[in-house]
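What follows is a set of structures to go through.
Common to both upcoming complexes is chain A, partnered first by chain B, then by chain C.
Showing the complex of A and B:
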């Protein structure tokens, strides 16, 4: 993996992020009904998209890991799973702030709130199994990530049958041009940052796997040497 | 999924291959039934699982009864589905842990994995036993709910729909739970992780079951449609569970640990 790519992506994000802040807070007017709290939309929506995207990436990478015993896929799954937790936390913090301003209530058990919360819990469970599971639990965690990716639409549909107060997807599609212009820089900066973080974390995980291997080999060599010395 | 017995030298042409495939497909349900019957026979000797799961169900029901019995009739349809499916979730965790602990204690899981048995048959057998225990516990919970809450009388008035709801909900829970309980049993312990994994991962199943139970209690005419959706969800989860079972089980026990990680 090219080491320069994450650096380039982070530099891009560092350049675009101030532009995003300027566009959102200085160029776009204050929304009449929701006031300044509406500005949170420009970071809440991209983080939700990124969370869903990397949830799917984690599920697919976990499937490849299970079927092909691929180390790279395993490392990508771990990195993507951790990123889902970080972006999910962002979504779960910014969502209620926005919800409080628009609905007068931070948490309404709306379809998208519940599905986001449960998806976040599934990936926290994934990381916990990776972290605290016994040796060999990486396959168990991979199965968990696959079930988690499958669960997302099921949970969403189940809760949607009740009722939803959340804006539909059409709201994002029907945004006026100036709001789109403010959304793009923030989205670009966040996506670039997240891809860079996943790449760095993937490489770190691969290094850790190689170090583990070296440790096991060194132990085996040590044991073989000790046996040779006694005989 | 191929068992050691399925790997045989090729003799004959395509017709013999087709014959072998047919024989293998017929062998799978038989193997699953034999394994499930073995578990059930073991259970009949000491009633350990039935007694502990049944008693635990009763305790959970009493605790929920103490907490919610004073609810007004109009509020009861909102509490009853939660009580029913949380009881299933709690008892399901206990059952799954015990089913695989028994194999681990007598070191028979390793023997089972090295035996000429299709791994899918192991999955089917364990899921079936879990399902039977869960349905048995629902035979305590549902009449208990009818006794405690007047609004739950609807469940007794529609026995076929209630039975279908209970069987479909428990099947989905057993289909998902078996994969992870087996994986934890072969990965060297830490059963505490089963609850951490099972509750978030079975939430869609429980949500769907909650939704259907509430619709049934409120006399909604679309209950058969919800039951069909639950059936579709069951098929999806059984297929994914069967597909993942061997990878989760064999990779964590039979194959040598690829890295021997030291976390």
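Showing the complex of A and C:
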């Protein structure tokens, strides 16, 4: 994996982020119904998309790991799972802040909120099992990741299936061009940051796995050397 | 200044001041007060909204910063582990 890619992505994000903030706060007008607080949308919604994307990536990678016992897939699954926790926490905090400003209530227990909370808990469980589980717990963890990935379409369709306080999925598609112009830079900066973080974390996980193997070999080598010296 | 404001707000002008100040049509005191009340509500809402925005953006980028620091520390630990392994192999 090229080590320069995460650096390039982070530099891109660092360059685009000020442009994003400038566009959101200086170029786009105040939304008529939701007021100034609507500006939270430009980071809340991309975070939710990224959370769902990496939830699916984690589920697929965990599935590949289950079938082929691929180390790369395992490392990608762990990195993506951790990123789901970070972005999910972002969504679950910024959402209620926006809700408090716009609806007057931070948490309404609507289907999208609950399914997002469930997704976050599932991936927290996944990462906990991966980190603290006994030998053989990788299969249970992978099953959790796949279950989490299945929750993603439930989050997306929650506003269609159940009556919720969240707006319908068509809202984003019907945004005026000036709002899209403000959404793209934020989305680009966040996606670039998240891909860079996942790449760094994947490489760390692979290094850790290889190090574990190397330590075992080094111990064996040391024992063999000690035996050779005594005989 | 006070007299001028009174004229602007459409206060009944006295005969003495009629030559100096002319009431502005369409700016009744009640309308102005209503407008100011709306402005105060809007200003309060905007201030509250900006407070929410600062919290939301602050939390969001803090999360990334914290995760970034965690990755950096993990990287440091892995680097130390590699060095320890090298030393162990050299000893063997």
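The definition used in the following text is that the second predicted complex is superposed on the first by the 208 of 231 C-alpha atoms of A that agree within 3 Å, B and C clash if a C-alpha of one lies under 4 Å from a C-alpha of the other, contacts with A are read in each partner's own complex, and residues count from 1 in each chain.
Here is the rule we go by: a contact is a pair of C-beta atoms (placed from the backbone, for glycine too) under 8 Å apart; a residue touches a chain by one contact, two chains touch by 3 or more.
Source: prediction; values computed, not measured.
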item: First (chain B), second (chain C), both or neither touched by A:98; value: second
item: Touching partner for A:200 - first (chain B), second (chain C), both, neither; value: second
item: First (chain B), second (chain C), both or neither touched by A:144; value: first
item: Touched partner set for A:183, first chain B, second chain C, both or neither; value: neither
item: Partner chain(s) touched by A:215 [first = chain B, second = chain C, both, neither]; value: both
item: First, second, both or neither for A:78, with chain B first and chain C second; value: neither
item: First, second, both or neither for A:121, with chain B first and chain C second; value: first
item: Partner chain in contact with A:89 - chain B first, chain C second, else both or neither; value: second
item: Chain A positions touched by chain B in one structure and by chain C in the second; value: 215
item: Chain C - residues contacting chain A, complex; value: 45-46, 48-50, 52-53, 55-57, 59-60, 63-64, 67-68, 71, 74-75, 78, 81-82, 85, 88-89, 91-92
item: Parts of chain A lying in touch with chain B, wherever the complex brings them together; value: 66-67, 69, 118, 121-122, 124-125, 128-129, 131-140, 142-144, 146-148, 150-151, 154-155, 158-159, 161-162, 209, 212-213, 215-216
item: Residues of chain A that touch chain C when the two form their complex; value: 35-37, 39-40, 43-44, 47, 82, 86, 89-90, 93-94, 97-98, 100-101, 193, 197, 200-201, 204, 207-208, 211, 214-215, 218, 221-222, 225
item: Complex interface listing, chain B residues touching chain A; value: 176, 179-180, 183-184, 186-190, 193, 196-197, 200-201, 203-204, 207-208, 211, 233, 236, 240, 244, 247-248, 251-253, 257-263
